[in-house]
Amino acid sequence: MKTDRNAVEFRLSLALLALVALIPAAVSNPYWLGVIIVSMYFALLAAGWNLLAGYTGQFSMAPACFAMIGAYASGLLSYHWNVSPWIGLPAAIIVSAAIGMVLGRIVMRLRGPYLALTTLSFAEIMRLVIGNSYSFTRGDLGLNVPGLFDSRLVYYYVFVGVLVAVQTGLFLLLRTKAGLYLRAIRDDEIAAASRGVDVVFWKTAAFTMSTAMSGLAGALYGGFSQLVSPELGLIAQTGLVICMVVIGGIGSLIGPLLGAFLVYASSEALREVGGVQLIVFSFLVIVFARFYREGLWGLAKRAFMRKPA
Amino acid sequence: MSCLSISEVRKSFGGLHAVDGVSFDVDYGELIGLIGPNGSGKTTLLNILSGHQPPDSGQVLLDGRPIHRLKPEQIAQAGLLRMFQLTRVFRRMSAFDNLLTAGRALGLDHAEAIARARQLIEELTLTRVRDLDAGQLSGGQQKLLEFGCCFMRPPKIALLDEPFAAVHPTMKETLAGFIRKHHAEGQTFLIVSHDMPVIVELCPRTVCMNAGSVIADELTRAVLNDPVVIEAYLGGEVAA
Amino acid sequence: MLNVDLLINGLIIGLFYALMAVGLTLIFGILKVVNFAHGEFYMVGTYTYTLVALKLGVDPWLALPLAAGAGAIVGSLTERMLMRPLYSGYTSWGMLKDEYAVVVTFALSLLLVNLVDKVIGPYSQRGPALIDITRMSLGPIMLSGQKLIATAVAAATIVALALFIRYSFWGRQIQAVAQNRLGASLAGIDTAKASNIVFTLSGALAGLSGALLAPIINASPDVGSFPAIKSYVIVVLGGMGSIVGSIAASLTLGVLEGFGAVYISYDYRDTFGLVILMLVLLVRPQGLFGEKGRDV
């Protein structure tokens, strides 16, 4: 049964995250720790987008936008009203979820390229609005925001913890009827409705959960880098997230994590060699999309697992 | 009270009157055939019944309750389930999960759904392909699967849209067998089909449509001998 | 006087938008997918024109068709290698054609942008004007010579395209495929070839507009994002697939942005189109001129 597949992927993601948790024991270079933290930021975005696109079939172009919204929600609260980032964090989640719910409800009837275009426009509009509202957001200069913690190491483990919580949440969610409904909607929305699935509710729910995750990621990242700017919401950032998920393996629990770590960490490593990382990754996405949808995780499965027929 | 009551349903697309004042009732336990030449409005009518299209006017009552303004999922929950002409299954989910989804959506809890799904898999002879992705099943198996999804919780009425179209003769027999068996247990059916022999064999009563209207609604044998029906199928103008 | 000026300038900009966007409309009409690498077809044209004219010393009037040709080649290759499998081969995405197209063309866009950034360099370069006259008067308003010539070329190209689609052999094949792919192939039309022609044309048109605007919008790796977004707006407004619709939408958008920039807000001039796009899609998912498909 499919739940077995989920269980395997879940256990492997935990193993992967355990590995990540052990890295600081061997590596103390703050630069590299920072690289992994950013990878974890992307992993959160990737997991959220994968829930929406991989499991529910809604290809939104707005994950980075909602990270930006979350970061600004928390950042503005602290910048203008001195609200502690401890409150800013849940506020970011709520704001992103609320806006996401509205957007999701609005784009309900759209599919494929229409959905992509609408979410893309939304993302661009938000970015332009935030970038232009100089008096409120300091525009392209960005906001300086305080962090939750002073130590990079603490942030590192916070990210690990959040990722573990998110993965667990996703795993549990997918085991319930929600997992069945979302995939049914992805495969055939009309049939799903004919069988009695409340398509409107579940699509909106997926959207809301996904944007909440992005908002959380954005707020955490903002606290870590202590700078929040409209660049967080660039379409290119969304593109990166999509690359990561497709390369890692869309529609699987572990694909987004794999993709995020591999793509980001190796892109930093490749940075020494010369800026070819994005060329390589976008090429890989094309190859995977064209020939092998299951991505790296799919390849790994074929190579290492012998499933009984 | 009749199971399904259709009154004066009308639907036009631009100038085309796809459904032009259709009325008939289906009583509990009936097995009714719906026939008619291509373009007669059968599929549009079915779409209206299952909630995929709103009627321009008229009403549809399911067990006395008006359903013509409800969404497909609400109609399914109310007890009207439908099979599609071009089989629709959840291609990247296993056959078993397909059934589970249908069961859960119709209100069964986890344990009930699993038990019922197991039962149906046996009955539909899909045991061997139970865990394969539905998209990998043969056409006939997919049809059986879709059929099964309609019966996770026995519906008040099952609408079957051309269930025998493009289906292997053996599979046809299997399907017909299921319909007969469930009908004997009291299940109400409305079957749209072009397959006359099967309609004759299964359906005591048949409704015939042409150009959006019902032109005959009587015992199947009578319908097939009705000159109006014959004319509709073979061409020529329908007598007013 | 200001309003007349704004109107004419708006129409001119709209004309360029039309040249950029009509290729995308064609692609959507025939393949029912949005090409997210469209901006990069434009970029290819801009770079080809600029580099060929500057580095190789080719006369700008010759560089124009070369730029269009480069766009055409990229378009054709894209169709052949990435899109064709959607319909006549196998992609691992099976039924999810729309999603495949989104991902693959998006990745292609990233690939091209970064390739150019790496190989040619991230700095912007300015292409030569077609004509040296800097200011000419056209009735009540003043225009640069470049703008005038470019407008004339754009207008002529659009008219030629419309005639081609309407009356030529392949133009009619394309119309047939756009209306009903399966039916067209049953009638003996080579749908793969028709799709390829459409992609090639789209690349050529985008490349040409990149070249025409090169002296005004300089070549840089991300130069394609601007025409891309405009094109998306226009394709949706015009009814994804309707050429007349997209020309009308382009002109409207150009004028609207012109007036909006002056009377509402200069900073937010780019958001008008986007907001309109969102509103249109929410109310009429098929665009202003498009037709609703049947789901069930």
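As written, the chains take the letters A, B and C, and residue 1 is the first residue of each chain.
We take it that a residue touches a chain if its C-beta (ideal position, glycine included) is under 8 Å from a C-beta of that chain, and two chains touch if they have at least 3 such contacts.
None of the values given here were measured: they were computed from a predicted structure.
Distances from each chain's CA mean to the overall CA mean are smallest for chain A. Greatest centre-to-centre distance from chain A is found for B, with centres as Cα means. Averaging C-alpha coordinates per chain places the centre of chain A 42 Å away from that of chain B. Distance from the chain B centre to the chain C centre is 46 Å, each centre being the mean of its Cα atoms. Spacing of chain A relative to chain C, judged by their CA centroids, is 31 angstrom. In chain A, 190 are the positions where the chain touches two or more neighbouring chains simultaneously. Those residues of chain C in touch with two or more other chains are numbered 295-296. Counting partner chains per residue, chain B shows two or more touched chains at residues 52, 84, 91. Across the complex, chain B is touched by residues 1-2, 177, 180-181, 183-184, 186-188, 190-199, 251 of chain A. Interface residues of chain B facing chain A in the complex, by the touch rule stated above, are 50, 52, 71-73, 76-77, 81-82, 84, 88-94, 96-97, 100-102, 104-107, 110, 131, 149.
Here chain A touches chain C in the complex through residues 53, 57, 59, 106-107, 109-114, 116-118, 120-122, 124-125, 128-129, 132, 190, 235-236, 239, 242-243, 246, 274-276, 278-279, 281-283, 285-286, 289-294, going by the rule given at the top.
On the chain C side of its complex with chain A, the touching residues are 28, 33-34, 36, 82, 85, 91-93, 96-104, 106-111, 114-115, 117-118, 225, 229, 232-233, 236, 267-268, 270-271, 274-275, 277-278, 281-282, 285, 295-296.
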